[in-house]
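Written out below as structure tokens is the structure these notes cover.
The letters A, B, C and D name the chains in turn, as written, and every chain counts its residues from 1.
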Amino acid sequence: MERSRDQNRLIVSTSPHIRSEETTQHIVWSVNLALLPAALMGIYFFGPMAAAIIAVSITTAVLCEYGYQKALKKRVTIDDGSAVLTGLLFGLTLPPSVPLYIPFVGSFVAIVLAKQLFGGLGFNIFNPALIGRAFVQISFPKLMTVWLEPTAAFVFIDAKTTATPLGILKEEGLQKLLEHSGTYLNLYTNMLFGHRPGSLGETSVVALLMGAAFLLYRRYISWHIPVSFLSTAGLLAWVFGGSEGLFTGDPVLHLLSGGIILSAFFMATDYVTSPSIRKGQIIFGIGCGFLTMLIRLKGGYPEGVMFAILLMNCFSPLIDRSFRSNVFGAAERKGLLK
Amino acid sequence: MSDANQISYWELIKNGILKENTIFKLALSLCPAIAVTTSLKNGFFMGVAVVFVQVMVNLTVSAMRKFIHQRIRLPIFMLVISGWVTVVNLLMDAYVPDVYKEVGLYIQLIVAFASILARAEMFASKNRLTPSLFDGLGMGLGFLVALVFISIFRELFGKGTILGVSIIGAKPLLILVLPAGGFFAVGILMALFNWLYARYAAKPGAH
Amino acid sequence: MGAELIKLFELIVSASLVNNFVFTWFLGLCIFFGVSKKMETAIGMSITFTAVMVISAAISWLVFRFVMVPLGIEFLMIIVFIGVVAGLVQGSDTIMRKVSPGLYYKLGIYLALISTNCIILAVPLMNVGNKYSFIESIAFALGSGLGFSLAMIIMASIREKIELADIPVPFRGLPMAFIIAGMIALAFTGFSGLITL
Amino acid sequence: MTGKDILKITLNLAVIYIAGGLIIALVHAATSPIRYHNKVVAEELALKSLVPDADKIEKLGDWKIHEKDAKYFVAKKGEATIGYIVQSYGKGYSSYINTLIAVDRDFRVKKVKILDQKETPGLGDEIEEDSFTDLLKGKDADHLKVLKTETTEYVQAITGATISSRAVTDDAVRNGVKFIKATITGGGAGHVGR
């Protein structure tokens, strides 16, 4: 149990390229800050319940991390901001109408099962927030498919329930979606600013892009994963996403809808659960984009981003491994020829 | 193991349930541990089928231990096992058709349980009838107990019921009766077993 | 013809991803957990497994269709199929040792593990249950084998990565492997609904 | 290997095969009527539960939908035909949904029973529940249509499970009802299944 922590730190050579404790802490808090505009927009559109969901989610995450580390007599690391980030990210992926035990259960699973059991920050294989999200998605499928019409007022209102743009696109087609918002221009502007039903932190593309630009500018995240992710998804949406044959899809619509922007910049770029080598990151991004569109266009779920990133998380150690040892499986081949 | 005469029958059973628990300690025969444990009823009948096969195989092998030629011992064991599995398969299909409909495939796959072949080879082929009976019973019960624990956990927290009777009145965590939750449940219960075992059973003097 | 090919392709994708043997059928778990500690063994096992699965599915199908059905002894399929698998393993063991000692040296140890593995036996049983044709049976076996290989390789790469992680003592080893498998299964849920068979 | 060994091995195998064969044959013989009975009884019960007031249900023939084999039956009370039962499949989210549909003599749905489905647990699998299948009661082929809005004239979709609702209503049940209507009234085998 009491394996020396310094020894462990030396071994963490794969994913988190942590130069010193301070910089990690700094980066994580900056990511939290970068998510703030999107969170505020979510609260603006979906009312104070959204704030309550985010608050419960963050509090649970921090308390779980604290409790776990106390119980196992480890050093408490809640000040590094990673628990806050997990809670915040998880909260932002929830529909704005969920009862408050859902952020509680999800944050608990994210921190305890997906992060701390693996040995804490730096060792987890899967993005904790997404594991939490997938866990509640499958446990409470009914509650997780209720979406609210945005009210845009910071007030308590019994908002109407409705379907998300992706849901409408999947079940009824583009025509129906246009009927909802009138013109293309209206549709795009609404989607851009976040005036659409969806998870509470994913709707406002503008706010998310502001945060992402800040992180890119400070070089806290690199462009490789988001760019390869989004361009693959856009390309596939254009080629296969249309109802009138190949090359009739609407890539812009697909990129603006669902949680793809939030995920591409803030989740797929997670240092710990994505490959550490540039080439690997590009493959990771392409994989995410491909799987997202595969699930959106052909799969059972309207939105595929969450599963796509989790699936690529599975492959991330494999990608890293294959770039590290030049030719993958070289050892085997030598053995076979003997 | 061959000095089984000195071991009491109770010890043999305890060995199967705790020290060499097929699922939690030896980590064998894991497939049904997840596949059929979505409800207590399925888990229980699967366990019973395994107890039956393990006991009958042990008895058959023990009875024939002096008669079987060493060279073809393993194929003979396999034949004996698959024979008894066929029997239990037919019986379950006839008498508990609703369970069989859901767990039938896994009943048939008892044939491939390494643990059954292992007990036949390691114990029954070297011991007299009665110890073999109790060894089979212990190993089978260990499997049954593990399955019952896992299925109670999953049915109660996944469906809110026990044996189909509503206890909680809601479906608390649907994931537990789904594939992913099955892995989580077994992993957590296994860790719990390890923890309790290390704390109580493994201490010197506890025996 | 095109529709036939698409059906076969769907069968392979379904057996390998949507209804992955490990993550939705829970078959082959002993091997999956036992052999996925090192990448090299995982790869060796995957190759051997897929090959044996396809061949045994083909032989079992022929035996079932042309021997057991005419004789009306379908209820003996467990005994017959395990015989087919055991015979095949024994046969390939002997042939491999003679023809390619190098390959035998590399893969031979896995062969011994195969005859008592449920996944090999499950494929012919499921082929019978689903009334697949000969070609479909082979496609199903191939898809299953590929899915199993994928699962093994992913698992091995993850386990190598967390080898030195500070995991709580009761969870070390197998329990943690189960938790990871659960998370992979969670990710694989995303494939559900991809193909309706 | 000596001759004695060979003799022993042969003897081993002979004993095992004879004893094993005997036991399995006995069990097979003893259980096969029960197993057969179980299957027949299960099917009869399912049919019976659909038209409880019928005292005789006879198979009329087979048909195909989604390349799957399905059957259809006539339900009689005494000599009078009181309705029909048709088995049908609908293409759902992740499975073909196997349904039994009972219709009256005007080909309106009396009752629908889902025999087998693998839809999303907790969401699509609600099609199995009475709260959904009851919505189909009394509808004819023209009104077997899923709407997402509130409706009693048509069938209201299960929240979050429109595809599964449609697979049952618009695909399995509607095609089944159309087929049985065409077959009975047209006399021939109207083929509406895709």
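The working rule: a residue touches a chain if its C-beta (ideal position, glycine included) is under 8 Å from a C-beta of that chain, and two chains touch if they have at least 3 such contacts.
Keep in mind that this is a model prediction, so the values were computed, not measured.
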Give the chain pair, either A-D or A-C, that is connected by more C-beta contacts. A-C
Going by C-alpha centres, which chain would you call the most central? C
Centre distance in Å when chain A and chain C are each reduced to the mean of their C-alpha atoms: 33
Averaged-CA centre spacing for the pair chain D and chain A, given as whole angstrom: 42
Starting from the mean Cα coordinates of chain B and chain D, work out the distance between those two points in Å. 34
Approximately how many whole Å separate the CA-defined centres of chain B and chain C? 22
For chain B, give me the residues that contact two or more of the other chains. 79, 83, 86, 90, 174, 178, 180-181, 184
Contacts with two or more other chains occur in chain A at residues 113, 135, 138-141, 300
Give the residues of chain C that touch two or more other chains, as numbers and ranges in rising order. 75-76, 168-169, 171, 176, 179, 183, 186, 189, 192-193
Using the contact definition from the top, classify how the chains connect: line, ring, star, complete or other. complete
Show me the residue ranges of chain D that touch chain B in the complex, using the header's touch definition. 1, 5, 8-9, 12-13, 15-16, 20, 23-24, 27-28, 31-32, 34-35, 38-39, 42, 121-122
So in the complex, the part of chain B that touches chain A is made up of which residues? 173-175, 178, 180-181, 184
Provide the residue numbers of chain A that touch chain B in the complex, in ascending order. 105, 113, 135, 138-141
Residue ranges of chain B touching chain D (in the complex, touch as defined): 64, 67-69, 71-72, 76, 79-80, 83, 86-87, 90-91, 93-95, 97, 171, 174, 177-178
Which stretch or stretches of chain B touch chain C in the complex? 27-35, 75, 78-79, 82-83, 85-86, 89-90, 105, 108-109, 111-114, 117, 178-184, 186-188, 190-192, 194-195, 198
